[in-house]
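There are two complexes below, and they share chain A, which is joined by chain B in the first and by chain C in the second.
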Partner chain A sequence: MADSHHNPNASHSARSFEVRILRQDGPGQPSYWERHRVEYEPEMNVISVLQRIAAKAITADGKHVAPVAWDCNCLEEVCGACTMVINGQVRQSCSALVDRLLEDRPGEIELAPMAKFPVVRDLVVDRARLFRALTKVKAWVPVDGYYDVGPGPRVSPATQEQSYPLSECMSCGCCLDACPQYLKVEVERLEGESAADFEARANNEFDRSFVGAHAISQAMLFNSHPTGATSAGPRLDALMAEGGIQVCGNAQNCVAVCPKNIPLTTSIGRAGRATTIHQLKKWFGA
Partner chain B sequence: MATKRVLIVGGGLAGLAATMKLAELGIDVDLMSLVPVKRSHSVCAQGGINSVNDLTRQQGDDEWLHFDDTVYGGDFLQHQPPVKEMAYWGPKIIDLMDRLGVTFNRTPEGMLDRRRFGGTLFKRTAFAGATTGQQLLYALDEQVRRWEAAGKVKKYEYWDFLGPILDDNGICRGAVAQDLVSMEIRSFPADAVVVGSGGPGLIYGRSTMSMACTGSAASRCFQSGGKYSNGEFIQVHPTAIPGADKLRLMSESARGEGGRVWVPRTPQDPREAVTIPEGERFYFLEDRYPKYKNLVPRDIATREIFDICVNEGLSVEKDRQCVYLDLTHIPRQELDRKLGGILGIYEKFQGVDPRTTPMKIFPAVHYSMGGLWVDYERSSTGGLVVGSPKNHITNVPNLYAIGECDYQYHGANRLGANSLLSCIFSGLIVAPGLENLLKGAKQAAAELPSSLFERSRKQHQSRHDALLKRSGGGENPYLIHQELGDVMTKVATVVRRNDQLQEALGKVSDLYARAKKCSLSDTGTWTNQNVVFTKALLDMFPLALTILKGALQRDECRGAHFKPDFAFGSLTATEPAERRRQAEAWCDRFEANNAKWLKSTVAQWTGDEVEITYEEVDTSLIPPRPRLYGLVGADDIEKVWNQRSAARETAQNGNGSTAPAKLAGAH
Partner chain C sequence: MKSAVGDAPASSFLARNEFLIRRLHSLSGLIPVGAYMVIHLLTNASVLQGSVMFQKLVYQIHGLPMLVAIEWLFIFIPILFHAIIGVLIIRGSLPNSGTYKYGSNYRYTLQRATGMIAFVFIMVHVFHMHGWFHFDSWLIAARKIGGAQFWPYNAASTAARALSSLPYQIFYVVGVLSCVFHLANGIWTFGITWGIWVTPQAQRWATTACLVFGLALSAVGLGALGGFAYTVDVETAYERENEMYDERVKIGDILPDEHKRYHPPAAKASETAQAPTYLNFEP
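On to the complex of A and B.
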């Protein structure tokens, strides 16, 4: 089977390397750096490094510690789960290849949780706000229902080629972590507060904060769909509300870090024009 | 009366389709998942989704042929009514997904573009680049978010399903689950529980499956009395990219778009692949399967690639097994438009551009045809009764299974681009049945005595607490998992031998005993991934033993289950009369084997071991016939077979029996 083989041409000869991890035991706890030593193997990525660390759970100083917690699922950069800050850059850990990382910074890899989301534990963060933004901009096609009523509207290849890249957004949050306008919002559950009340309060906080590039881009995706366009107005209203597109400072970091090369700044530009026109129409009652 | 609710476990294509449809029917849904549902394993499906379409129809295709290809490709091991129903829903499901905004590739005129997949001669497959699963999942995720905003759906993401709650009569009344962040364990009363938790790939260590695909939810149902069927039928995908953490899928669509599989005729030819002249390349699939060429069904392509490397010594590299999958003859622009997603994966993980350099690939564990046993209600026309609460119900009342974790649609081998269809279909078809189930229920689960729910919760809480309290110095769960994966990969994949399977049963039982003595490196009570993994590992063993025992007992070759000791082989004689005699003998043997083995494996867990019985398969719509892809002497065998079938039909009609079944194109 494909898994039992090694690459004889591994270019890197280092026997082991150090992994520095910014850990945190839970929300509101202090964070701390911890060093681990990992034996080099060919074709490693940061996921396999974290797997080795979890299996061993001993630091470079020989101290037994709880395994580092991290999030992952698909391991082929289509699910978005394993996003973290690796050598100072926000990206997916599955596609972060150890050979490349060690070329850039010999002997050492540095891992930290995403900076703009509350830490749950170690490298695991809570990205509920990111998904909430998709609700805020009504990122769906408002179909009548799910019975069989024939095919959808015809779509030209040109439109498809414009929509498909936007639809590849895996809600990883890289664009948000790199955005200077996207500030961390951490809502803590109060003593005696019910789960439902806490969620409602958190969502309220999220809705007042910046929606972010990903949600703006999704709004443009659905506004360009023939059926989706029937809710174009409410989507633009959401983008013009508190925490909307006006917060964007045009730093363009989002597009630079997007692992799927989604033209986020193009979407933001389109959204800017669309909201302006929408506002004018509202003023003149059109 | 309290509101009745359905609990869905798993937010992949099947779970989301069921959730969305139930919400439309006015039913409240709790949707539970290990990961945010948008990150479910369905995102990894690449190639596309099959259905008959206007174009193939005019080339002679119809739903019946899609149905026929599916059961023929699956070696007739699936009950036919659900498969028939699925094939007839295919075009409607594509229409629905199209309406939901899936960014399917388009023809210049704006119609859905289609590509060809394995096991058929028609271009049935609709696709969205090479990330079709992701695009379909997102469309369903968006609809479910819409229902969530409307208050019909409550999501429980980062929750681990620990098991169904059964009342004293063995009826499922809800489930116990654990919050993976706070580690809180609580019970969820539900009037029906639907498990759509995907495949058990992690039993094999590394596979093409995602890290959430531990099989634990299915195993927990199995250990609670649910039957598990055809577990030994594990699809090994012909083309994957080897990796230290995962074997990444290289979609069949690469071949569907013209990709060619080859090895140099000179073993381990040291030249760069592109510089090796045509005449010195061996396109072994095209050579051996002139009709289907590179698009033979997956089990066959896998065995050929395995064979050419392991037995014929023609692997591209000396120290590891791989063959070339070559796209370099296709224009770059076309590749980017149709396969960009998967070529990007290869480039990112291998650091080589597959547009200019042939890819190196090898088979990897990919999909489980088997799964939780589920029922159905057959309609008078041989399909399903839509709205029947029997559809997709397990043998445990009120417990349902859909998607990859049920066993219903793919028999002994799944055709490419049929899984996205079966996942969405099973999610859509289960919903109206649940609606009727709920209508018929006298009492809502939420109104049952709380002691029932508390009892189950306590059981799981004490199991959890006992694990945390275990003293140190015991076995390491991660290392045991590695060992389990190595054993399973070695003996229960492409080629199976009874002596090895027997030995593996012993080894896996020993590993199970050792796993029960694991100690944890994390005994904390906050986001403890260590204990969650250890529980999932323990639950892998009942399924691993089911796979091994099912494979050991099944002394035949069928689809993905290949035992060389029981292979039929080709015809050898050249003299016509002798060849005819051989073909007759071949067909006799085929019929005798079917009489013995054309049966579903049905496993039950006794508490510490697997008990296996067999169940007849409903093949009433399309009579089983030999699967003859590429066999030497296939024409002669087919001739004999068709004569026998015709004779049987005449005899049947003479008896005033049902209309003759339609025989469609064979190999």
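On to the complex of A and C.
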């Protein structure tokens, strides 16, 4: 379709490339690989590749199939919705450029859903556990109330400097998918179970499993905020509960894959220190 | 924020105390297990200064009161605790250094692999040299299958004999290097776990320090193994050790204890009816 647009500067001459996709028809269904062929156009990203595939809905073998499902939203790497495993590495598909991918691995791109979250369909996953972890560590500043409590305390420039990078987290889950200590938890809805019961049961499972680097970092972000610090104790309690910071094994993949370059392992170290002191205080008072 | 589900199964003891158990696991790796390992390797490396020097240090250790209690309380039980919890931790992880090829991720995988090797090595090593338990019937059985080959009052000569075969030498080199890597990398992760090195600069500095420590301890450990395997002349060391023993008994420094002395099988000729073979001793 795009021969006339062919970029003569492109380092590769192939006019089409293959896309291998790990598909799954629904939760709990078996997954299977499917090959698609996509005509090369200059400056494609993985989202535009998926758009071409959905428009055609014909595999490389000429079989008509249901269009591949995927998620996206902002298209500028700030929402995290489009996160998937591309050529074996977890990242955002909107900022994954086809020219770069084909340079690294000529002629082929491999797409799979995130490995640590339950698949909803094809490349769409359910990241409820990621958000549940933010609830568990109370990743907010508690200011809700019925009357005006006046202006909050000032945040020192030093704290601002430390906090700003942490506040850039977009809850994409890359840090979790790459973490060897973060194992997939998939809770299936039972026959006749109400949505509320199912959610409560799933949350109970999530709360026992590793919270993950993003939540540890958010806990540190809000603990260093002067107003957020009023809940510092409960946040540390949450980090020391089952599935808390102690599950981290210091592989440091989280910090290596975070697209926002958030200093996650610094947050983990700070949380390690804070929980040590918190435990001693709980034992010896003061 | 508690879940609304009433019939959720209660968490196990291990799960409810996960934080404390993991911190205790981390601490036990360093103190007493890691600290013991450093002292152990340094003591063993003293064989490079001669079998007499090594024997002197072994007498010091065996001069400690209630040695069996010390062994179990400060060495065996902490190692078993650390090892058993370690295996549970390994079971709950999904190493992925094949996909995410970062230095720290390789070290994460190696920490688990060396932990498993260390487990096997320590079990076999303690059986091979020490025998695990001290009662006679057990020791006789253990010695029949190649265990309990170290006699404290003939320290260098019996250790050297135990390490004289190439398969054992290879096994010990792999085991010692695994333990050393595991401790050096463990100190690094310990520092993050407890929040001692927090910033990336501090962690880089700690990486270098742990690397230097690991290389130095590797040299000590390999020195000890090489020392036993290649510098000790078993016959002369054995004679010297027996002279030291006689001297120490004479001046009242130690009580006579034939359990801790090696008696070559040749002494079998004078075997008495009741005494087990290893108790035979010709003054």
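Miscellaneous remarks
We take it that the second predicted complex is superposed on the first by the 264 of 286 C-alpha atoms of A that agree within 3 Å, B and C clash if a C-alpha of one lies under 4 Å from a C-alpha of the other, contacts with A are read in each partner's own complex, and residues count from 1 in each chain.
Basically, contacts are C-beta pairs under 8 Å (C-beta built on N, C-alpha and C of every residue); 3 or more make two chains touch, one makes a residue touch a chain.
Values in this document were obtained by computation on a predicted structure and should not be read as measured data.
In the superposed model, A:69 makes contact with chain B only, not with chain C. Contacts of A:15 after superposition on the shared chain: neither chain B nor chain C is touched.
More residues of chain A lie in contact with B than with the other chain of the pair chain B and chain C.
When the shared chain is aligned, chain B and chain C each come close enough to touch A:135. In the superposition on chain A, contact of A:204 is made with chain C only, not with chain B.
According to the touch criterion, the shared surface of chain A, contacted by chain B in one complex and chain C in the other, consists of residues 135, 138. Looking at the complex, you find that chain A touches chain B at residues 1-8, 25-26, 41-45, 47-48, 51, 54-55, 57, 64-67, 69, 72-81, 94-95, 97, 120-121, 124, 127, 131, 134-135, 138-143, 145-146, 148-152, 154-157, 159-161, 163-164, 167-168, 170-171, 222, 225, 227-228. The part of chain C that touches chain A in the complex is made up of residues 1, 3-5, 8, 11, 15-16, 18-20, 22-23, 89, 92-96, 99-100, 102, 104-105, 107-109, 111, 188-189, 192-200, 203.
Of all residues in chain A, those touching chain C in their complex are 88-89, 135-136, 138, 178, 180-181, 183, 196-197, 200-201, 203-204, 207-208, 240-253, 256-257, 263, 265-266, 268-276, 279. Contact residues on chain B toward chain A in their complex (touch as defined above): 20-21, 24, 35-36, 38-41, 43-44, 92, 95-96, 98-101, 103-112, 128-129, 131, 134-135, 138-139, 142-143, 145-146, 148-149, 181, 205-206, 210-212, 236, 240-249, 319-322, 337, 341, 345, 348-349, 351, 361-365, 428, 476, 478-479, 486, 489-490, 493-494, 521-522, 524, 526-530.
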